[in-house]
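Here subunit A shows up in two complexes: once beside subunit B, once beside subunit C.
On to the complex of A and B.
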C-alpha cells in the first residue's frame, strides 16, 4: 500500500519535472537567435518562400500557441517532424537511443570495474606505496574532463598505437543482421562474437573517455567510505572470528560502505550521459548526442525538443533506479 | 601451565617512543576469570587487542610474548594467527550497537564463524545458534535469527553477542567492558549472564572493567594497570583483604561499596598518583625505553 503510494507520488513528480523541462526548452530555443527556415532554404530564396515554410512548420504563431500545439501532439505520441530530415522526431530519436544507451552503460561498467578495483586494492593495501599511487592516479583522472580524456585516447590509441577504432560505431563494410539498434546486445544474443568484438572495439575508446572521471570518483569515494567502515566494531569482530582481511573487506565492510557511493554514482551517471554529447561528436559515434549537436547547428527545433525530453526521461529513470537499488540494499529502508 | 600467558609485552606508538604497554605480564589459567582494571587510557583495551591481533595500525608491539595454548602468537604468520584466534578465542565487545553488521541478519552473524572458519554444516551451526540464544534467555529465537540488528534493543544485541562469543566453545573470551554501553537496569542481567555462561562452559575469561564491585563478584584474579604498567597481580581474596600496591589501596578506597554505600567517589589522591608516575618513570629508565 505504502509502496503504491510512493510510486504514484514519484510518477506525478516525474511528469511535472518533464513538463517543466519541455516548457523551458521550448521557449529558450525559440528565443535564441537563428532561424531554421532561413538555414534550410538555398541562397536566393524569396521572402515569400520563407514565409510559406515558416507557416508550414507553424513557426509564425506565438510561442505559447506553438507550445500548446506541440503539447497536444505529444499527448497523442506525435513529437512532430524534424525540419532537416522531414522524418518523425520520435522515430529519429528512438533509432539513435540504443547507441547512446549502450555507450553509457558500457562506460558505467568500465567505471565501476576500474573504480571498484582501485578502492578495494587501496583498502587492502592500506598505507602501502600502491595505495599512494592509486590516490595520485585518482587525483589525476579527476582533474581532466572527459572530452580531454577523449582527445588523449584518440592521440595515444588512435594515432600512436592504433589498436582500437576511434571513429564510428561499427566497421562500415560489415553486414549487420540486426533487427534493433542495440548492436552490442544483439550481437551477443545472436552469438555473433566477431561482430560483438568489432562493435566493442569501436565503443571502447569513447566509453573509456566517459568512464575515467567517474572511475576516479567511485575509486575515491568508495575507498574513503571503506576506510571509515574498516574501523567499525563489527569489522573488528569479524577479524577476531578468523576471517582474512580480504574476506572482511568484501563481506563485512563493502556491503555497508557501498551505499553512499551508490547514490553518488546515480547522480554522476546522469552527468556521464550528458557527457556523451561531446564524446560522441569527438568519436563520430552515431548516437543521440551526436544527433543533438547536428540538431542545434541546424536549429532543428522539433528535434532538439525531442532529444531534450528523451534525455530528461533517461535522467529521471536513472534516479528512480538508484533509489530502488538503494532501498533494496539497505535493510533499514526496506522495512520502513 | 596457563592457557594464556603474556610475558613482558611492550607496545608503543609506531615510530615514536610513547609507550602504551610496559613489560606487561599476566596469566589466565584454563577456566579462570581474570579481571583487568585501571583508569581510562591505562591500556586495558590494548592488551585485549594485542591478543586478538586487532591493534590499531598506529600501534606496534615492541617486545614480549603472547603464548596461547603453548603457541607464541607473535611469531605466527598473520593468516595462521587469525585462524588460531578465531578457533580458540572470542570477543564480547563493549558497544552492542556498533558490533553487529547492520546489513546482515542475526542468524548468519552467529553461525558464520562456525561454518566458514570451523567447517560446521549450516544446519548444525543453526541448531547451535538456537541453543545458545536460548541460553542467553532469548525466547523467540527464530524471529531473532531472521532480524536485522536495528530491529533489536541494545540489551538484546548484547545477549546475541554473548551467545555468538560462546557459540564456537572458545577456550578464552575477552570481554572489554561488556556492560558500560548499556542501561543500568540491563547491566546486572548481562553480567549475570556472562558469569553463568562462563561457569557452565568452563571458558577462561579476561574481563576488562572499571568496576571493582563487578570484579569481586565475577573474577578469581586481578591485574591492576596504570600507564601500561602492571602494578598488582593478585587473587581476589588477597586483593580485597590486603592490596599490595598503594595505588590499588587508593583504588579500593575510591570504590564506594567498600567504604560507604552511598558516599561519593573519592578520587585517587594526588600524592599516590605522583609516586605511581614516578614508578613508571623509574621503570622506563631501567628498561631503557
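On to the complex of A and C.
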C-alpha cells in the first residue's frame, strides 16, 4: 500500500515538475531579447509586414493566451510546428532523440570501461608510480572540458592520423536500410557490420570526448571505494585464504565497492545527455543537442519548447525510475 | 587467450585497420565532390519562412532551384529561366519571356504558367513570404504563349533585381500543388543544376547532377554538402581530406592551409558597418564626424583580418550600382581631435557613449570594435562596449532602440542602392535607426524613380550626404575565404553563395 502511495505521489510530482518546466520555458523564451519575426524581416519590411508575419506565427496574442493554446495542443500530442523547418516539433525531436541516446550510451560505456580499468589498475598497483600516473591522468581528464577534448581528438584522430570521421553520423553515400533512427543498434541487429563500423567510426570521437571527464569521475570514485573495501575484514580473510590480489579485488572487493559508482553512473547519465549539446555541435552530429543550438540561434520558439520538454521528460523519467527502483527494493516499502 | 603486451598491440592495430576501411581516401581522384558547408539547411521551400531570407543558404537553394533571372559571379544579371524582361513604356506593366526547353527534375516541362504561378504565389500574403511586400507590387499575373505579363500596382525599380535575390525562385506549379507544402519539403524538385537525392536534416544533403540542365551538365555527377557549423571542424574536414571544399574558415587557418590546398579569397557583397542612432551625443555632428575620422580601417583590416577586407566609405561596395569612388571619409585623427574640441570634448574630457557589438558572429567583430574603441580613446571618445546576440540586435533595431553606436554586417547581393543605403538609412524602414527628416526627404522620391540614370545618381548624392554628415560609419567589405582540394577549381560568387555548379575539375 505504502509502495503504491509512493509511486502515485512520485508520478504526481513528476507531472507537476514537467508542467513547471513547460511554464517557465514558455515564458522565459518569450521574454528574453530576440524574437523570430525580427530575425526573418528582410530589408524594407514595413510595419504592416511585421504585423502580418507576427499574426501568421500566432505571436500577436498575449503570452498567457499563447501558452494556453500551446498547452491544449500538447495535451493532444501536438507540440506545434517548427518556425524554421516547418515540420511538426514532436516528429523532429523524436527523430533526433535516438542519435543522442546512442551517443550517450556509447559515451557511458566508454567511460565505464576506461574509468573501471583505471580504478582496478590503480588499486592493484596502489602505492606505485602507475597509480600516481593514473591519478595525474584523472586530474587532467577532469580539468579539461569535454569540448576541448573534442578538439584534441579531431586534431589527433581526424587530421594527424585520420582514423575516425570528423563530422556527421554516417557516410552520406551509404544506403541505409533502417526503419528506426537507432542506427547503431539496428545495424547490429541486422548484422550489417559494414554499416555498424561506419556509424561507430563516426560516433567514436564525440563519444570519447564526452566519456573522458566521466571516466575520470568513475575512476576516482571506484578507486576510493575499492581502497576502503580492501581494508575490511572479509577482504583480509580472503587474502589469508591464499587468493591472489587480483582475485581479491575482482571477486571480493569489487562487488561491494561498485555500488556507490553504479548510483553515480545513473545520475551522470542525465548530465551526459545535457553535455551532448556542445559536442554534437562540434562534430556536426545530427542529434538533439545540435538541433537545440540551431533552435536557439534562430529563436525557433516551438522547437526550443519541444526540446526542453523532452530533456525534462528524460531527466524526470530517469529520476522517477531510480526512485521507483529504490522503492521496489526497499523492504519497508515493498512489504508495507 | 592470454592478453600480453604484444597481443594487445596486435589487437589495437587490427581495430584501427578495420576502422580505417570505412574512411575516405585522400589521394584518390574526386569521384564525389564533398563540401563542408558552414550552416544547416532547415527547410527546402526557398520562398517562405526564415530560411528564405537567410543569405548563407542561398547557395544550396540555387543548386536545386533556378531563380527567375540568373545572377553571374560579378552580381550582374544574365538570362536564366527568363531570357528577356522589362516594363512597357509607361511602366504600368511588366513582361517576361520564359526560356523554352527547360524541364523540372521529374522530366516535366517548365512553362510560363510555372513562372506566373510562382510570382503570384509569393505575392499572396497567405503564402507567408517574408518578401511579399515586394512581390505584391505586381498583380494580375497572366500567360501569353511563352510570355508572362503582370500589372504594376506600385512601381518598384528593383523588381527585376529581386528576381535574382531572396525568394526569387521558380517552383513547379503542378508538382507543388499536387504534393502540397509538406510533400514538397519531403521531396523537393526544381529545375536547377542538381537534384536532391538524399537529405538528412542537420547532417548533409546529397545531390545528383541534372544532366539535362539548360545551362549544361554540372562537372561533378554527385555532390555531398555536409553541414559543418563549427569552423575548427571545417578546417579539419578539408585538412584531413574528408571534404574537398569549405568556406568561412578563420583567416589565420586560411593562410596556413592555402600553401597545401587551393585558396581563393575574394570580396563579397557583405559589409561591416556601425549604425549611429540619432539619440544622445550622436545628435552632435562633430561627435559623429570625429568618430568616423578616428578609425584607421586599413590598419584594422591588416592587423585583425590579415589583410582580408576592403575599406569602404559608403554603404556601397565597388560592385554595387551606385558606388562612387570619389566619396571619401579619410582617417584623420587630428581632424577628429579638432572636431571634438569644437564641441568641448578632449582626451581629458571625453565624450561618452555606448557601442553594441556581436562577438563571434562575424570574423573578429568584437576585436574590431575593441580596436576602434582604442582609436577613439586617443582622440577623446570613451565608448563602453556592450556585447549582444544577433537576435537581440534585430529586435532592438526594429524597435529603434539600438545604442548610439552599434556594429552590424549588411548583405546586399543584388548590389542595388535601395537594398543597402536605402533600407539601412531610410527613417521609416524598421531596419534604420537614423530618422533625420532631411535624409528621408532625399531618399523618399528615389523609391519610385523611373529614370534609372537619375535614380542611381540620386543614390550617389544620398551616399555623399551621409558621408559628409557621418550618419553611419561604413567599415569594410568582407572577403570570403574558400579552401579547396587540388582536384577542384572553385569560381567564387560575389554574393557569397558557394555554388557547386561553378566548381570544375582541375
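Here is the rule we go by: the second predicted complex is superposed on the first by the 312 of 336 C-alpha atoms of A that agree within 3 Å, B and C clash if a C-alpha of one lies under 4 Å from a C-alpha of the other, contacts with A are read in each partner's own complex, and residues count from 1 in each chain.
Basically, contacts are C-beta pairs under 8 Å (C-beta built on N, C-alpha and C of every residue); 3 or more make two chains touch, one makes a residue touch a chain.
In this text, all values refer to a predicted model and were calculated from it rather than measured experimentally.
Q: Is A:283 touching anything from subunit B or subunit C once the two structures are fitted on A? First, second, both or neither.
A: After superposing on A, A:283 lies in contact with subunit C but is clear of subunit B.
Q: Check the residue A:244 against both partner chains and state whether it touches subunit B (first), subunit C (second), both, or neither.
A: In the superposition, A:244 contacts subunit B only.
Q: In the overlay, work out which of subunit B or subunit C sits against more residues of subunit A.
A: The partner making contact with more of subunit A's residues is C.
Q: Could you look at A:232 and tell me whether it touches subunit B, subunit C, both or neither (first, second, both, neither)?
A: first
Q: Kindly classify A:47 by the partners it touches after superposition: subunit B alone (first), subunit C alone (second), both, or neither?
A: It touches subunit C, and subunit B stays clear.
Q: Thinking of the overlay built on chain A, is A:27 touched by subunit B (first), by subunit C (second), by both, or by neither?
A: After superposing on A, A:27 lies clear of both subunit B and subunit C.
Q: Regarding the shared-chain residue A:178, is it in contact with subunit B (first), subunit C (second), both, or neither?
A: neither
Q: First (subunit B), second (subunit C), both or neither: which does A:38 touch?
A: A:38 sits against subunit C, while subunit B stays out of touch.
Q: For subunit A, what residues appear in both contact lists, the one with subunit B and the one with subunit C?
A: none
Q: Could you list, by residue number, the parts of subunit A that touch subunit C in their complex?
A: Going by the criterion above, the answer is residues 33-36, 38-50, 52-53, 56, 82-87, 92, 95-96, 151, 154-155, 158-159, 162-173, 194, 197-198, 200-201, 204, 281-284, 286, 290-291, 294, 297-299.
Q: State the interface residues of subunit A toward subunit B in the complex, per the touch definition above.
A: Going through subunit A, the ones touching subunit B are 126-127, 232-234, 236-244, 247, 252, 255-256, 329-332, 335.
Q: Using the touch definition up top, name the residues of subunit C that touch subunit A in the complex.
A: Per the touch definition, subunit C meets subunit A at residues 16, 18-24, 26, 32, 36, 40, 42-43, 45, 48-53, 125, 128, 130-134, 166, 181, 185, 198, 200-204, 206, 222, 224, 226-230, 232-233, 236-237, 239-242, 388-392, 394-398, 412, 418-419, 422-424, 428-431.
Q: Which positions of subunit B touch subunit A when the two form their complex?
A: 52-54, 57, 79, 82-87, 89-91, 93-95, 98-104, 112-113, 116-117, 148, 150-151, 161
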